[in-house]
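Across the two complexes that follow, subunit A remains constant while its partner is subunit B and subsequently subunit C.
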Partner chain A sequence: MLKNRAYYRSQAIINVVMVLISMLFVLPLILLISSSLTDAEALKDGGYSLIPRSFSLAAYQSIFSNPQQIIDGYKTTIFVSVTAALAGTFVMCLTAYPLSRSYFPMKKVYNWFIFFPMLFSGGMIPSYIINTQYLNLDNTYWIYILPALCSTWNVIIIKTFFLGLPNEIFESAKIDGASELSIFFRFVLPLSKPVIATMALTTLLGKWNDWNTALLYIRDTELYSLQYLLQRILREAEFIKQMSYNTEINMGMIDVGSQQAAPEVIRYAMCIVAAGPALCIFPFFQKYFAKGLTVGSVKG
Partner chain B sequence: MSSLTKSMKQSAPEKALRAKRGAQRKDIMLLTCMLLPSFIYYIVFHYLPMCGIVIAFKDYTYSGGMFGSDWNGFKNFEYFFTSTDAWVITRNTILYNLVAIVSTVTTNVAIALVLFEVSSRKALKYYQTTMLLPNFMSWVVVSYITYALFDYDYGVINHMFGTDINFYAEPVYWPFILSFVNVWKGIGMGSVMYYAALMGIDTELFEAAKIDGANKWQQIWHISIPSLKNIMAVLIIMGTGNIFRGDFGLFYQIPMDVGNLYSVTDVIDTYVYRGLSGGEYGSTAAVGLFQSVVGLFTIICANSVVKKISPESAMF
Partner chain C sequence: MKKSIKLIAAVLACVMVLGLCACGGSQTATDTDGEVTLKWLTAGPGKQKDSDLVWATFNEKLAEKMPNTQVEIEALPFADFAEKWRLMIAANETIDIAWSGYAVNYTDEVKKGGYLELNDLLTQYAPKLYKSMPEWVWDLMEVDGKIYGIPCYQMMASRPAGFKVFKEDAEKYMDYKTLEEELLKKSEAGNPVLSEKAFDVIENYLLALNANGVPNKGFAPYNIAFIGEAEAQSDYGLSSPVNTVYLEYDETGRPIAKDGCAPDVTDVFYKRMAGIYQKGLIRKDVLTASDIRADEGVIGGYAMWYHAYDKFTEQQESLQIGKDIKVIHGEEKYIRPTGPAATNNSLPRSCSNPVRAMQFLEVLNDPADTSLYNMLVYGIEDKHYKKVGDNKIETLDYVGSPTLDSGYGIQKWVIGDSFNAYMTQGDVEGYDEYVKTDMNANAVAGNMEGFKFDKTPVKTELAQIDSVRKEFYGLRYGTYTDWQAKLKEYREKVQKCGQQKVIAEVQRQLDAWYDAQNK
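Up next is the complex of A and B:
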């Protein structure tokens, strides 16, 4: 009885602590949402807040009255991340399979060949020069997809999974006269769905959240990825604000019909429209992302 | 007659063997072809740039390109190492990484230990999901959050506490902000790993400890933490190996590239990026090479230490 009470008390304490900690992760999201709904007047008085004094949808109206940029951003991001995820996962599986076959003679050499770039790299500048001046990839979709096609770390994880497949499959298929290629397509790929899904989703998430590429290589606004578009919006509005300070004009208002929306609020509405849907979808695939980490005992 | 059957018997397995060898040779060919796409990828996007580090020793011009520009010896390195930037960005990179190693390991282990004690499955799922949320956000979205908190005019902090701090102009606060945001973003994923290790502990150990009269703290100290030691050691050492690499997203997006804050927010990676956008290829390539070489050295050292502690966790 006594032990029981102590148990419930400790559970209560643990749960209170964890609820408080999880607030640290939920409240910032609520802050993003309510910032996008804040009325221009309420923003002036109370700034960004968890519960704005008055709500307004003006910012969303102004975005949807001129949605071209967001649509372009979505187009680029969806195309690029889906292509990169599919092509990348396929190339990584193609690479991992020979490395998982025990009799393949070049296994060791090739392991080192793909592993060495993890230890040493030429750095940002030589890559930039090669991509722009020699391959002319800048300002195209290719720059999003090609340089991130194959990740050594993911190849190692896939290889570890392949090594765990039951050996009998390979032996009986070999006896039936199947070639390695048909074993790969007919047995290995279908049996490896969990790791393939994990890798595809990891690549997809990585590309979805990619802003560095556009920062370095993209100049056409139509080819901006969503995240880079968001970055420009945050920084540029800052620029607008500073300008208005310098000329001693108070915060600039953008007219949207009868309602007014502050640029500060529009910025957050953009953030929600651009990042919100993905943030709602990705957590559902949580277990796949965690799996990629816990595959454990990976070796180069 | 008997010799004939004998020779037939011999040749049959031989033939099979030859056929098998032929098939194997064909298979090896096929497997080699499968490596072709990634071979081209690694040559073009990794090994070619490695050759490109020659520009660190060159006076780079656009017309001359990577291989046609004139050599200028160690001038690029001299230029960097005699500047005050060299000291500042190296110090920042190393210090932030040290803080990150200590803070992420301690917080991730602590969270995993607490989560391990949560008995309700539903509650556990809720905590893990919420803590994983930042993992799905890009650094840009995180910078929207920090901006909403720290903005001078409309920021939550200034309004809530009635303070009048211009965060984006005062460097003192940024080491704390950046270190905290770093832990915040990675804690969901990090604790999952430790949690998985805790799940792997034989429950009989805890039962036996209970029978022996060990309380919760003693169980944690003598069973849970020792079982996490290996992962902790490996992650700490790997972190040390990467001590010369700064997270570009964290240091570029969160302080929003504000010049006033460079003294505490600039790391090697952001410095190289600025050099690139400023067109100073030669000298920044030298910085990049410096980072790569020292990084290679620290990673090899770290790996040999891991090899001593737990050979199966070593990377190579």
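Up next is the complex of A and C:
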């Protein structure tokens, strides 16, 4: 009885702590959603609250007032992140598999080739030169997808997971006459669902949140990724505001009258529009995710 | 192990060789014959719906004037311009003309070798363009005696700054004549701080508004340093190069650098601001508010705010706000700025044909035929604008500044000489004329014209001082109840950051400059 009570008490304490910690993550999100649904004036005067003080959809209306751009942005982002996630995971698994086999002759050399650029990469300007002047990838969908196909770090994680698969499976498959490819497709891939799901999800989210690629390489509005589009609307407003503030006295005729900065409400609404779908996808992957994250750490 | 070291060495060697190759590839072709396509990297709202159409039409028209020349325009959004420009020039991409306005640091880019020197090209291939601007405007663009940028001609002189108030309220409750006198006195003498008398007027006005129930949000915090800290001087062409240093002049006119953080210099300002804050005359959340300017020029917003003005300001802003405002003058002169113009075009070092690029700019900015320029700015007639007068148009899908959503439109001050632009429904009649003949022509040199402070010797000190200043922003808004203790702490900290070294460095450079001027 006494033991029971102590048990419940400790459980209660742990739960309370966990609830508090999760509140730290959940509350800002709720605040964000509620702020995006608040009337702009009310937000300015009254500050933030968990329940919108005066409900208004104006921010969303103004974002979707030019829906074509947002639709294009969604199209680009969905296509790019799904393609990159699927193709990327596949390529990374294909890369990792031979590296995980002890009898692969060139293992050391390839390992080194893959590992070295992770530590010493060329940097932004050389990759920009390669992508634009030699591969001509700029201003196409390819720039989003191709450079993201193979991430060294992910290859190492996948490789470690493959190393953990029981060796007996490979031996018996070999004895039964399976080729390396059929071992890969019929045994390795089905057994590696957690790590595949994890890698697919991280690539998907990475690509979903990526705005830098579009900033550097994309010129046509139709090819803007969603994040970049939203980022741009905000940055443009912010930038013009800042410029007009800082150099007021020397700006001359540069007129900023009609370029009002996007009010805060619109920013929050943009966050929701941009992050929303990714938030919804996450729970479906979660059961794999936790497992996939730990796979790199334990062998055997 | 040995093998792998060898391998690493080999790879590194390859990388270095490749790196060297990449650096040596700049082109110096200057031929003027044959088909040329000039690449023009400009800024604006970004590529719009009809951009391609307008640019194609532009090239057709251009062919009539400059056969064999085509222009390929890339319009980057202002916010992205600096980043993309840096990347493109580092990658040595061919760019024939590039905007070099406020988004990039003109002087830094020149020092890095980003732009070609233009003196000879200008006089030889663009004489009309060269003559269209006064000599002092070109002087602004000089770095070590050479010109690297062609200003997009517009308002070049600095506008003075003063207080703006609502006319009706000020006439009832404010002794604005005294305030104006005190402001003018301050700028005349180059004092860093406004007098107590002026603060009395401000405080009494705000109190009177509250006592009489006039809805207002008090004293606008933005630009407040201009009435009470050393940095105020930059406002009046007295140009202290450092925020915590102010200048005085001895009887021979030699500038003397003074410690802006010495006791008593700015005490009045901090004392009065603390008083204003404690009486509730400035917003309580001034240190944390995200946009302290949102209530400027709004009915029921701030009661007074400090800003640049000119002859047309009262008329223009009263219209915008919907209530008459009054400007309390702070200075009667237009001062020539000391830095480069805010918006220019340059020929990058990767320019493939500088002669043709310069010839093109001459044609584009020709005041005798402004149709090319105006097409790039406003688009195509009857599609993007309607002609309503000889030189007057109405833009069809925006008023004022075009945006990404407009069919087409680029800010006139990005493309070229903005005095060649058609007047739109957003412009005030007579304003251009006033700017050109009154402001630009009559602008006077500031006391420190030609002096450029080189920050490198005291870079670390300045960075440290700057972070201390930010830490104590509460002083200038008066938010500390124990402002005297805080002020003492602030001053001690600034001195520890090497304030004296900074002052000595400023003085050293001032002396060198002054002696060179008065040989």
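One rule holds in what follows: the second predicted complex is superposed on the first by the 214 of 300 C-alpha atoms of A that agree within 3 Å, B and C clash if a C-alpha of one lies under 4 Å from a C-alpha of the other, contacts with A are read in each partner's own complex, and residues count from 1 in each chain.
Note that a contact is a pair of C-beta atoms (placed from the backbone, for glycine too) under 8 Å apart; a residue touches a chain by one contact, two chains touch by 3 or more.
Remember, it's a predicted structure, so these values are computed and weren't measured experimentally.
Contact with subunit B, but none with subunit C, is seen for A:115 once the two complexes are overlaid on the shared chain. In the superposition on chain A, A:268 makes contact with subunit B only, not with subunit C. Judged by the touch definition given at the top, the superposed model places A:125 against both subunit B and subunit C.
Judged by the touch definition given at the top, the superposed model places A:66 against subunit C, while subunit B stays out of reach. Shared-chain residue A:235: touches subunit B and subunit C both. Using the contact criterion defined above for the overlaid structures, shared-chain residue A:219 touches subunit C, although it does not reach subunit B. Once chain A of one complex is fitted onto chain A of the other, the partner contacts of A:133 extend to both subunit B and subunit C.
Look at A:15: by the touch rule set out above, it reaches subunit B but stays clear of subunit C. Counting residues of subunit A touched by each partner, subunit B versus subunit C, the larger count belongs to B. Contact with subunit B, but none with subunit C, is seen for A:31 once the two complexes are overlaid on the shared chain.
According to the touch criterion, the shared surface of subunit A, contacted by subunit B in one complex and subunit C in the other, consists of residues 124-126, 128-129, 133, 216, 235, 238, 264.
On the side of subunit A, the complex with subunit C involves touching residues 44, 66, 112, 116, 124-126, 128-129, 132-133, 215-216, 219-221, 232-233, 235-236, 238-241, 243, 245, 247-259, 261, 264.
Interface residues of subunit B facing subunit A in the complex, by the touch rule stated above, are 23-24, 26-28, 30-32, 34-35, 37-39, 41-42, 44-53, 55, 62, 65-66, 111, 114-115, 117-120, 123, 126-141, 143-145, 147-149, 151, 153-156, 158-160, 184, 188-189, 192-193, 196, 216, 248-249, 253, 256-257, 269, 272-273, 275-276, 281, 284-285, 288-289, 291-293, 295-296, 299-300, 312-316. Interface residues of subunit C facing subunit A in the complex, by the touch rule stated above, are 4, 7, 11, 22, 45-48, 74, 77-80, 83-84, 87, 90-93, 102-103, 154-156, 158-159, 161, 222-223, 235, 290-291, 293-294, 307-308, 320, 337, 339, 342-343, 398-401, 403-405, 411, 413, 418, 426, 435.
Against subunit B, in their complex, subunit A makes its touches with residues 10-11, 14-15, 17-18, 21-22, 24-26, 28-29, 31-32, 35, 43, 46-50, 91-92, 94-95, 97-98, 101, 103-106, 110, 113-115, 117, 119-130, 133-135, 146-147, 149-150, 155, 177, 179-181, 184, 205, 208-212, 216, 227-228, 230-231, 234-235, 238, 264, 267-268, 271, 275, 278-279, 282-283, 286, 289-290, 293-294, 296-297, 299-300.
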